[in-house]
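Inspection log for the structure reproduced underneath, given as structure tokens.
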Amino acid sequence: MKRRKIIEETIFRIISAFAAYSLIAILAFIIFIIFLKGFRALNLDMVTKIPKGGFYYGGEGGVLNAIVGSLYIAFGATFIAILVGMPAALYINVHLIRLRRTQNFIRYLLDALWGIPSIVYGAFGFTLMLFFGMNASLLAGIITVALLITPIMVRTFDEVLSTIPKGLHEATLALGSTNTEMAFKVMLKQGFSGFITAVLLSFGRGIGDAASVLFTAGYTDLIPVNLDEPAATLPLAIFFQLSSPIPEVRERAFASAAILTIIILIISLGARYLSKKYSKTILR
Amino acid sequence: MVSNTGTMTEQHSEVISKQEETSSILRIDNLNVYADKNHILKDINLIIPKNKVTVLLGPSGCGKTTLLKAMNRLTDLYKELKVDGHIYIEEDDILNATKNIPVIRQKMGLLSQRPYPLPVSIYKNVAYGIKLKGIRDKKLIDYSVERNLREVGLWDEVKNRLNSPATSLSIGQQQRLCLARGLAVKPRIILADEPTSALDPISSKIIENLFKKLEQHYTIILVTHVLRQAIRLADHVVFMSFGEIIEQGQPDELFNNPKTEKLKEYIIHGN
Amino acid sequence: MVTTLVTILLIPLIIGVGLYFKAAPIIENQSLWQLITSSNWAPSKGNFGFWPFIAGSLYVTILSFILAAPVCLFAAIYLTQFSSSKLLQFMHPVIDILAGLPSVIYGVWGILIIVPLISDLLAPIFNTNSSGYSLFAGGIVLAIMCIPYMLNMMIEVFNTVPIGMKEASLSLGATYWESVKHVVVRGSYPGIISACGLGIAKAFGETIAVMMVVGNRIQVTLNPFEAGYPLPALIANNYGEMLSIPMYDSALMFAALLLLVIILLINLVFRYFIYKTQKR
């Protein structure tokens, strides 16, 4: 019987090690392929020019339209999300500090919000557009993406804030500050790294998501100059151009994929690095 | 209340030589334990008398819990610990054994600071160890479960809900359950790491009384930082500080005539 | 501050209501039951049977779950119980990146690698023909996308098992592996199930990546080498024609509403489960 136990354990160790390592391999493989295809297509023109001759059929030029469009939307949406989400997260952690059940209930709702697929936000954004008579535009895209990423912003920030020890609240209150004053000063300082992480994660989500901008931001060869114009985005640049019959157009898709992947890599690694770095100065 | 065996004198060396005539149940030779760069246990040499309650006493951080956990090689679970030396459980050196370590471990039962009932029913908790040995006969298992639950005084309280989760018991009951579970594998030694520290006074008293009852058939090694508990239960006391054994001997001797400064200080402040 | 919080919390409600309003015409026109179970999809004739899309979503979600769940479970056990802590630390950024990669990137990779894999390698093994754009491709891509979320949660759950439990089990004479089996895994069932629930919810709603590899053919089939058409893909693919055919926009909004309701339901149920067990 002992032998059977040993065999069972060895088999299991091998399988589970394989599972763990294969995940690393898969990630490496994905990035490798994307970069392989993408870097071949990447050159200075690609990132500095807009497509010529129509994005689907014209092989000249680059993807500057998508890069700028994505940046506009991601920054805009993140800005709104900060404006709306940060006070909300602070509120949960400061004013509701005694109402444990309410806190949990709200977090529970927020988590559910996080789970809504982006296509639903896109569809909703579209109905809003029709309702307000907006065209597919930068503004519509920004609003829809803002809706998508706000729960992420709130919940991530909230997660960090909730680890701040309660004693800190009480000490600050004892020193005479009002709840709001305290909220902003003390928590912001302690939760700063969490704030940065939340912003980065939300930004990353906002720049990479396709389904939410599919209906709402439109697509164009040009760089939008005001909020009413349609905007191209990197995810859609990939999506639309990948199936073009013109190889140069497909190259643009791969280049966009590489650019997008690089952005995400920087954000993911940056967020993790920052959260580790700043957590050293935080009270435990 | 300290048990007084009339044949032993109060000199520690006499205790040792008496034991060497009978085979020592647990002997530690030159044990050193390191955690990363820190030398947690320094050159421990110890003999545990059979069928007595030996108390490991000392201020927190002195290494008594690490010593206890080294005895049944639970230190394996802590990757930062490096263990060197010999610990003989009857004739087996558990630290240097390469096979059958689980079997050697079964010679000792563990009772932790907090009760850790397994995430299964009361019945299955007690049956866990027996089943590990390969026993499948239901009647045998039933018998063992009942006997061990009776031994710790839990049988009447739980006999009608053996299949309910172990977590439905109160903390005091859970700790007794853990004791019953440990006894079911028929150990010779019971390792107890501050077993009453999470319990209310009544449950603590029950556990202490159980120890006094079990003493006749089992060797008990008890870690505690509560001086009074040591005084109540110990037949033999080992006082430690900063990873070393400072003094050991019979409780009256140690507490009434402490020989070292450290022990004197501990007695004064050590409640 | 309160206003922002309340507004945020109201979002699902607002979305639900908004979608409902747009979907109302079609709900009033045909019975709910008919909409959900009929396979007759001919928008120009006014036939809107959503079943093929719901079935497609279900198929691809379940397939991805079957592929992903065991991998996550095994990997989580290895990382928390057997490997060095350095490997686990290394895995965290790996998981972060896998979770952060946009859907469209997975789609590209799927087209470049998975689709040919199926058409050139796997289909011949099973003696069938396949273009590669199939439910199988969708399942594989989805599985990889869900793994980081499920894995993260399982790791967390396994790490919260107190070491005292393992000590207790070892002291009773169990081997390390037996202790892992009986204490860590058995004691974490609720958490494991919740992790699975989250993975399922995510898979069900995923749009772009699946769309790029699943073939987008309206049919109900159990053959994974055939193409399918999940619900999110329906919405994404047809929004262009939405306004030109009567009731089409309403139908698509209904699809979105359906998706929202299903996901919220899955999410709420599983999250409730987590909170209940965490109270312990």
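Annotations
Note that the chains take the letters A, B and C in the order they are written out, and that residue 1 is the start of every chain.
Throughout what follows, contacts are C-beta pairs under 8 Å (C-beta built on N, C-alpha and C of every residue); 3 or more make two chains touch, one makes a residue touch a chain.
What you see is a predicted model; the values in this text were computed from it and never measured.
Note on connectivity: the fewest chain-to-chain touch steps from subunit A to subunit C number 1.
Innermost chain of the displayed assembly, by C-alpha centre distance to the whole-protein C-alpha centre, is C.
With every chain reduced to the mean of its CA atoms, the largest distance from subunit C is reached by B. Once the centre of each chain is set as its mean CA position, subunit A and subunit C turn out to be 18 Å apart.
Averaged C-alpha coordinates put the centre of subunit A at 53 Å from the centre of subunit B. Note on chain placement: the centre of subunit B and the centre of subunit C lie 50 Å apart, centres being C-alpha means. Residues of subunit B in contact with two or more other chains: none.
Residue positions of subunit C touching 2 or more other chains, listed in rising order: 175, 178.
The multi-chain contact residues of subunit A, meaning those touching 2 or more other chains, do not exist; every residue touches at most one other chain. Contact residues on subunit A toward subunit C in their complex (touch as defined above): 5, 8-9, 12-13, 15-20, 22-24, 26-27, 29-31, 33-34, 37, 84-85, 87-88, 90-92, 95, 104, 106, 108-113, 115-124, 126-128, 131, 147, 150-151, 154, 180, 201, 204-205, 207-211, 214-215, 235, 238-239, 242, 253-254, 257, 260-261, 264-265, 267-269, 271-272. Chain contact summary for the complex, subunit B toward subunit C: residues 69, 72, 74, 76-77, 79, 102-103, 105-106, 108-110, 112-114, 116, 118-120, 128-129, 132-133, 167, 178, 181-182, 185, 191. Per the touch definition, subunit C reaches subunit A in the complex via residues 1-2, 4-5, 7-9, 11-12, 15, 18-19, 21-22, 70-72, 74-75, 77-79, 82-83, 87, 90-94, 96-98, 100-109, 111-113, 144, 147, 151, 175, 177-178, 198, 201-202, 204-208, 212, 232, 235-236, 239, 252-253, 256, 259-260, 263-264, 266-268, 271-272, 275. The touching residues of subunit C, when paired with subunit B in their complex, are 84-85, 162-176, 178, 182-183, 186-187, 280.
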